[in-house]
Structures are given as C-alpha cells and as structure tokens.
Amino acid sequence: MLAVVRDLFRHHLEFATGAILVGIVVAMALLSLVSPYPPEVAWVVPPDLPPLAAYPMGTTSRGQDTFWQLTFAIRNTLLFGLAVALLSRLIALLVGLLAGYLGGPVDRALMSINDTFVVVPLFPILVLFYFVMRDSMSWAALALVMACLGWAYDARLIRSIAMSLRSREFTETAIFSGMTTREIVTREHLPYVLPIVFSTTLNNMNWSIGLEVTLSVLGFTSISTPTIGVMIYWANQHTALVAGIWWWIAFPVALVVMLFIGLFLLAVALNEFIDPRSRLTRMGGGAA
Amino acid sequence: MAGYGSYLLKRLGQFLLVVVVGISLTFLVTHLTPIDPVEQTIAVAAAFGSTSPEAIDMLRRSLKELYGTEGSLLEQYLRFWARVAVGDFGPSLSAFPTPVSELIGRALPWTVGLLVPATLISWLLGNLLGGLAGYWRESRSLRFAGVVAMGLHPIPYYIVAFVLLVLFGYVWPVLPLSGGHRMNLEPGFTLAFLSSVLEHSILPALSLILVGVGGWFMGMRALVSNVVNEDYVVYAELAGVDERRILTAYVMRNAIVPQVTGLAMSLGAIFNGAIITEQVFGYPGIGKLLIDGVHAGDYSLVLGVATVSIVAVATAVLIIDLLYPLLDPRVKVG
Amino acid sequence: MSPPLLEVDAVSRTFVQGGLLAGRRIRAVDGVSFTLANDRPEIFSVIGESGSGKSTLARMILALLPPSEGVIRFEGRPFSALRRRRDRLAFMARVQPIFQNPFAAFNPLKRVDRYLFATARTFTGATDRETAARQVDEALRRVGLSLAEVGGRYPHELSGGQLQRVAIARALIPGPRLIVADEPVSMVDASLRMAIVNLFKMLRDELRVSIVYITHDLATAYYISDRVIVMRRGRVVESGPARTVLDAPTHPYAIELKKAVLSVDAGPAALDAALAAQEEEPSIAR
Amino acid sequence: MNAAATFGEAPRPAAAAPVVEIRGLRAWYRTRRFGIVRDVRAVDGVDLEIAPGEIYGLAGESSCGKSTLVKTVAGAVRPPLEVLEGTVRFRFRGGPIELYGGRPVDLRAVRWKHLSYVMQGSMSVLNPVRRVERSFVDFAFRHIGEPLPVFRRIVEEHLARLHLEPAVLRAYPHQLSGGMRQRVTIALATVCRPDLVIADEPTTALDVVVQKRVLAMIREAQRAIGSSLLFVTHDLTVHAALCDRLGVMYAGRLVEEGPTRAVLREPLHPYTRHLVASLPRIGDPSPRDGLAGAPPSLAAPPPGCRFHPRCPLAREFCRTSVPPLVPVGGGRRVACFVAAPETVP
C-alpha cells in the first residue's frame, strides 16, 4: 500500500496538492483536542486583538482566541461532512446497486424517483426544515435530512457501474464456477464499484459542508456548536468586517476554501488512479 | 415522429413526478416535525408583536386550513394540494394582508432575470473554454483558465459572493453592493431604470458565473477528450477536413449533447446558489424573500417560496429536456 | 430408455424494445425444437448470422434466460425445476458454457486461476488446495496447458488462444455432459483456431461430452459438426446431418448463405455473381 | 481533375511507377506511464510498393503490425506511435510527396483528393448528429471544385454505383443498416477519384452475405475510378477473391509477397503455408491442425527470424540472423533461409 501512495505522490500533482491541503485541515481539527479553551465559553481572552505573537490569528469580539476556536469549528464541520457523506453512501449504494442489478421495472421506477431528487432544489426544503424545527434543530437531524436528500446524483453513477457489471461475461463465468451471489458482488464487482464510492464520498463532503456553511451563516442551524459557518455567522452578527476585525472572518473562510479545493483535488486524482482502466495500464496490460 | 412523441410523454411524466415528489417533501417536512406548525408560527408571530390580534386570528384560520392538523394525514394532504394547486398560500404574515402569491409574483421575475442569463453565460463560457482546452491539450492559456475554473468550482456560492462583496465593497467600490436598482427610480421600461437594474445585477451574476463555469469547463474538457478519439473525428482528420470545422461540427457538436442533460440535472443546485447570492447582495428575488420570510417567522411565505421554487426549477428542466432533441437527432427521429 | 440429454421443445423468446409505451415486441427465437441423445455424444452446430437468435438460444439452454414459450429439459428435468441453489449447482455440474471473447469471460483485475479453483472447490468437493490444484492441473493438461504455465497470471498476460483454452479447462473440471460454446473461436487467430476446434472433437470422442456449437462460420461447422440447424430471424430454416445439409442445402436462405462463403482456393470470379443476387435492403427507418 | 472526364475508364499516368513506395519503415509505440517505459516494435523494417490501379492485399494476424503500417501510410502517426526510420513516398497526379523523409509535409492538400481511407470501425465513422450529405460536403466538396448543385449530382451518381438511393444523403447515420453505412463510407472515400484508397478491415464486422456484396462493390468502384487499393484484412479468403497481389506480415515484418493466386496456391514461407493449410473448407473434412505456440510479443520479439520459435523447419541460423526479404522470381519475394537458401549467412 505504501508503494501505491508513494507512486501517487510522485506522479500525481493533484493528489499531492489535495493531500497536503486536506492534511493541514485535518491537523487543525486534531489540534482542537489540546485546546486550552473549551469551545462554547466566551470572554476568555481580551477581545478584538489583531493577529500577533500571543494570538497568531487574533481574537474575536466575543473574547475567544480565533485560532483555537477555528480548530473546533473545522473539526465539527469535517465530522458533519463525513457523517452526511457516509450516510448518503448507504442510500446511494442501495438504490444504485438495486437499480443496476435488478434492472427492468425496478430500475425504471428507482431512477425516475432518483432523477426527481437530483432536480428538486434542496436548499428551500432545508430552510423550511429549519423554520419548522427552530431551536430543536440538532446537527444529527440536519445530517440525516441532508443524507436523505443528497444521494441521488451518486446513485445514478453507481447504478451505471452495477448495470455494466451485471451484463459482463465474467459474471456468468463466476456463476458457472459455483460462486454465490454474495461472493460475486464482494470479490468480483467491488473493485469496480469502490472507486466511484470513494470519489463520490469526497465530492459529497464538499456538497454537504458547502450547504452547512451556507445554512449556518444565515443562522439556520443550531448556532451554539461552533462550525465554520457558525463562526462566520457570529462574525457577521458583530459586524466584524465593518469594525475592521477582518481576521475573525478571513481565517475560517481561508481554511474552509483549502478544505474544498483539497477534497476536490483528492477526488479527481483518486478517481483517475483507482479507475480499473488506468490500473490495468499500470499492470502493463495496455493494448499492444 | 413516433420517437419524439414517446420522448415528450416521458419528460412530461418526469416533470409531474418532480413537482409531486418535491411538494410532497415540503408537506412531509412540515408535518413530520414534533411541533404543531400552526401554533409554532403563531408563537413566532406574536413574538414579533408587529401584527394586530385580528390579523393573528385570520392567520391562524388560514394556517389551520392550509396545514391544519385535523383529519387524517391524507385529508390534510389533499387540502394542502387543493390550496397549493391554485397557488393560494394565504396572507403573508410579515407583509400582512398582502397574499404570499403576490409577494412571490413580484420577486420571481427578478430571480428569473438574474438566474437565466447567469446560468446561460456560465454554461456557454464553461463549455466553450472546456471544449477548446480538451481539443488543444498543450495550450498554456487554456490550461491556466482550467486551473482557475477548477479552483473556483468547489467553493460554495456563499463564500464566492462574500469575497466579491468584500472586494467590490472595500477594495474597488465601483459597483452597487446591494438592492435591485437605485431607490429613487420609478420601476418601468425606462433606460435609466433598466441600466440601473443591469448594474445592480452584475455582482450577483458574476458570483453565479464564477462558480458555475468550472463545472461546465471540466465536464466539457473530459467529454471532448473522449470524443476526439471517436472514429468519426479521426476519420474527418484523415480526410483533411479543416481543423476549425472538425472542432465545431464534429467535436463540440457531439460533446455538447450530454452537457444539455447536465444543465437540466444541475438546475436545482444552481437555484440553491441563486438564493444565497441574492441574500448576500440584497437582490430582491424569491431567494431573499425566502430568507427574510424565515427571519420574520412568516410561515406561509416560506412554504410558498419553497413550493414555487420546486415548480419553477421543474419547469426549467422540462424546457431544457424538450430542447434536447434539437441537438440529438437520435432521439427526435426515433 | 433413459431421457434424452437435452430436449428443446418449441422454444420461443420475445423482447420488448423501446420505451414503456411505444415498445415493439421482437421474437428473437421463434419455435425452435431439437433433441440431443443421451447415449451418443455429438457436436450439434447452430448456424446463423447476426440477429438470427442463435446467441439467445444459447443463453436459454444455459438457463441464463427463461424462454417466453416452450420448454427446455436437461436429462428429463424441465428448467422450471431449477429453483433452489442446490438444483442450479447440480445443473451447472453437468452443463458448462464457453463464451465468445475470452478476455471478457475473465475478470481483467483477477488472476485466471481464481475461477479454476472456485470451480474445483464447488463441483468436485476438493476441500484442500492440493487436491484442487491437482484437478485444475489435470484439466489444463487436457487442453495443452499446465498450472505452472498459467497459475498466478492475469488475463492480459495470456494470448486469446491460451485464455480460451483456460476457459475450456475450467468448463471441464466438473466433468460436464454438455458444453454450450457460443462462437468460441471467432476471436481467436485463424492459425490457432484449428487447435481449439480439434479440442472440441477430443472432448466428444475421449470425454464423451456433447457440445452445442454456435457459429456463423459454415466452414468450421462443416469440419466438426455431426448435426446442424440453420437459423434465420429466430426460426430454423433447415436442419439435419452436417455433411448433407452443408454439401447440398435446400432452403433458399441456406443456399445463399453457402454461396456467400468465400474460399481461399477460389479466385476473383467468386465476386462476379455477388451483385446479381436480389437486393434485400431494409429501407431507411423513417 | 478536369470536369469533362466522365466516369468511364479514368486517365492514368502511363508509366508503371509505383503509386506508393515504402522503404525500410520502422514505427514503434513508445509509452511512458506511471514510470513504466514500454516499446512495442509494431512495424520493424518494411519495404513495399503498390502499382497504379493495383489492389494490394496485406494479410496477417492480430498484433502483426498491419494496422500500424496502415496508420503510417495514411499519415495518421500520433503519440505514442513514432516513425523511427524509413520513408513513405507517394507519386500522385499532384506530384511526388515523401513522408517521414525529413521536412514535415502538409498532407492536407493531398488528403481525400489523392489519398483516402476506409476505416475498420466503419459503423461509426459518420458524424452521428449530422445528415450524411454534410460528410460529403466536408470531405469532398473542396476537391471536386463544382458548384453545389453539380456536386450533389456527382455524389448521387457515385452513390448509385454502390446501389444507394439519393435519399441516403438526407438520412442520419443511425437510420442506415450496417451494410448501407459501409457502402456510404466507400462512396465517400472514392467520390474524389483518389490515386490511392487504403481500406483497413472494412468488411470484417459484416455478415457473410452482406460482405460478399460489399466486396464486389468495392472492386467495381475501384475499377471505375482506376485508383490503387491497399486492402488490409486477416481473412485470406477475402484476399483470394479481391486482391491482385498479396503481402503477408508476421511480427512487424513482411515475410512473403507475390501474385495472390501464386502465394495462396504454393506458399513459400512456412507461416503462409500453415495459414493456408489451417483453413477449413466446406466439402473437405480432412483433419487440419493449429500452429503451436502463440504470436510473439512485439515488446520483446524473439531474435533472428521472429517465426523460428513456432517454425517446423527452424535451423540454428534462423535463431541468430534475420532472413532478408529477397525476390525469388515470378514477382514473388520471401524472407526465409529455407525458402531462399542463397540468403543463408
């Protein structure tokens, strides 16, 4: 496995940049474990100090150290994004594999429902969801709803792979070799399904974190737990920009942008690297 | 023309499904929550205290009827549809007694006016640049354009809009930062009003375009780099057909076909972007209306905008789907 | 008298093409019947061009595709009885497929011996790796290869001819009574083709395996078949002993088919009459 | 091309100077991917000539390099394919042209006017989203040099020669059957009456009945316009019916060449002899056998004569030195120490 990663770094600029960016973000998130200040408490440091030695990222108007506050914010945002992505993978895989393998009426029914979820604008529905839940809106509830609405695009990708696998002749050779359906799906087909699941997970994280930031900035999530969006929300509430406390907004924005670009580059690079065709060429099996 | 008939039927079926599933989702969301939406709204309205008692009563009656909890879920659902089908969401709380449909009617043209041109520009620009970058792989400038587009694409609309706001607000204040047009102008088809509208829509449109272009760029570049190896392109090159003609009539013309479906599929996401961009720039579309409605606790307005958004996006998708056969004869002529 | 090895009884298969509403029903296979005897192994060829339904028929005989009408019985048991996995395994132990494209019949990302050992484990009950390896090696030797030569290799590391031999070896492991070969040599180079075609003869003569041989190549069919049927648009237009049918076909389509076959001994005159034949061109679909 | 020339027998330069001469051609696929360098020596020293008005058949099995040779002659050399050595010289009515000789040559003026091409995957060579007539306008209009109505008439006349009705021009490719699409491609490749048409396995994907008709039409069109035809296929029965001269390729090199009937009647090279002997014939059930071993990998070809590992007549010197392709009378050439003993080192 190490050789693969080394190989990836050497030959793949996107992977390298992506990995470094995401690495920095994850490091920041881990630092939250050693933060001297608990996340929710305010007025622990003198407010509105610009970035200087003692406070590398300055302090906020609510008397919090921007740096340590940011570590909590990025950790929560990452966890939220991961939760939504993993949850939606389950639904995407279920719908995609079922539609792909069963085909016929099941496929047509699932796909028309699927296309509906792709087309329907989700933001207004999420806003409506917040409006109705108001203060009893929890991060878990939001993650669940977003996962239930955000699987459609990837389900179609998974379906097309499942459909092609079902009709490939080596599936029939496997059947006639006495392999059980479970064995065929896990051993023969999974290496073809995994790349898509992996790269769509990264893309889905981008989607869910983007939505979280947008909702939180408007105050439409439970703004007590610090996330990137919530941090920007409080900065706006205290009109940080007008008051010239630019660092309260600049650092969260910069960090989350790094995360978006990093995840995106990782997805692009991984998708190309794990894609069976390019794996074949690396095994020296390219067309003579 | 049998092919087109069955295609038309299928797309209409899909349109209806989107509307029904979408609106049912809004119904579901409002009814599955533990709190009774009507009482909850009344509580919020009272908190704002800006409305008279009989307004509250009227609102309670309208809300009770629209999403009342009496009767079985099915009865509520049917009553809900009866009202929604005619676009009657009852009076708006924050702008009492004007009906919600009127508020939406005033705001919708602004959103359409912003979204349609911005989406088309980013779609055309992204496909053009992506197509060129896919065909001339070595060119430095196209590769650079690609990096910029790819860099911007993953960033959510809110942050790009916010950065533009800061940029044009503090660094180079040459464009209006918010609103739909200069306050003292009389709305009408006068030159002054129209130019002011245009001026105010530059930043929101720019924000939508910057984020959108990257997606189309990468999609088209990937499609073109596949189409370039297709037999009919290699054959045209072997026939010494003029390179510009091959690029347009053979490569781009075939690669663009899936991008049309792509446009239809991503309208929902673009619409989300428009809502937040309108909010950042204070642009008077239904996006801003939705968010102001939430802040004002105006339940029927929020529900109305959510429902109209779904129908609007579904209609746009249907229009694009109906245009698709013009590009791909294999569908139209069966 | 024990039941025949294979009975195909008035079998048809229709597909719905096109969307839900404007679907057109196409009869890919239309009322095909034939029987393979149990006591006398034979090579039974199904000859036809693309769209004749020969591959659909092959998939139905392999119980991969249920017929729309008619019944197929293997050793007296109708396919409808193949519900439980135990029944399907029993069927597969006696009927095995050979596919057209060897490179598609093997998972390019997995080593070829995966299928060999899986077949041995499932059908011969070989519990430990040694007995399985011995059985695999024995099957490979029968097709002129060996486990040492092929073990641990990926499909792209072998030639088309070698890979098709591995496919045949895999099919031999359970000791089948019937092999259904769907155009097994059409993707193999002409110079290697005969080696594999002769293999099928060996299977019939030494291992007493019957073979349903699907092909569009009349010359190969003539060379190896005992009996043939000629199919056109899903129907059997002519059937009988290979030599009599192919030496002197009676049905007009079979005659035209034979006339169209070019021979390496013939000269340019072969093409002279080609344009005279009646033009049978589908009009442009409106 | 003067407009007055009717479609009777076309005026051809009298001298039998070859239309195309290939001298010592060496073209390899050089790939570097994820740090793995791989050289596939697809064409490794080929000498070949095609006379005006001649149908030259090129035979050989998969990975023998015949498609690569065709790509180099058609000037379709793109990475990872590189021409290392040798030249391809054309003698067209528009004047001689030399590829890969040194200065790059702009083939655009020559393409389709003097040199045209019928591709293997001819089911998908027509632009799927445009009507068939667009392809004729794009490919041939600038060469025919007639106003559009006259051009359309010439095309319709030419289509008739391939038994295609004018309505085909208004159709989209997906509306035509496989056989019809193939004939449209042939019409497209011959409408400008080029000096040389290259056909790479054009009928392989067709059913036997359709294939025979299409081959007859190819020959009829070739005779009418008098162009030379380089016809590539692995199927010797097609060469027997169509080609005047036949060249057999093995592992990147020509191993035998000569008048088709002679080469197929008494093949000199052991590989050709085996190829002909291994073909089953209707009416002759006598046993035939396949060739031992497998075709050599062009990434690491065997030393000396590349056929020696599978050759029943292989001698010691066959393993060490490469047999040259030498004339052996009767317009025939062979590259084998046994068939041409005078070449033994």
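The first chain written gets the first letter, and so on, giving A, B, C and D; residue counts start at 1 in each chain.
In this section, contacts are C-beta pairs under 8 Å (C-beta built on N, C-alpha and C of every residue); 3 or more make two chains touch, one makes a residue touch a chain.
Keep in mind it's a predicted model, so treat the numbers as computed, not measured.
Among the chains present, the centre nearest to the common Cα mean is that of A. Relative to chain A, the most remote chain by averaged C-alpha coordinates is D. Work out the mean CA point of chain A and of chain B, and you get 23 Å between them.
Note: centroid distance chain C to chain D, computed from Cα atoms, is 33 Å. Chain B and chain D have Cα centroids separated by 55 Å.
Shared interface positions of chain C, i.e. residues touching 2 or more other chains, are given as 20, 285. Residue positions 175 of chain D are each in touch with at least two other chains. In chain B, no residue reaches two or more other chains under the touch definition. Residues of chain D touching chain C in their complex: 61-62, 163, 167-168, 171, 175-177, 179-180, 207-209, 211-213, 215-217, 219-220, 234-238, 240-242, 261, 264, 271, 274-276, 278-283, 285, 287-291, 294-295. The touching residues of chain D, counted against chain B in their complex, run 74-76, 107-112, 116-117, 119, 121-122, 124-130, 134, 138-139, 172, 174-175. Of all the residues in chain B, the ones that touch chain D in their complex are 230-232, 234-241, 245, 249-250, 253-254, 257, 327-330, 333. Considering their complex, residues 49-50, 159-162, 189-198, 216, 218-220, 222-223, 243, 246-247, 256-258, 260-268, 270-272, 274-275, 277, 279, 281-282, 284-285 of chain C touch chain D. Touching chain A in their complex are the following residues of chain B: 13-14, 17-18, 21-22, 25-26, 29-30, 33-35, 37, 40, 44, 150-151, 153-159, 162-163, 166, 170, 264-265, 267-269, 271-272, 275-276, 279, 290-291, 294, 299, 302-303, 305-306, 309-310, 313-314, 317.
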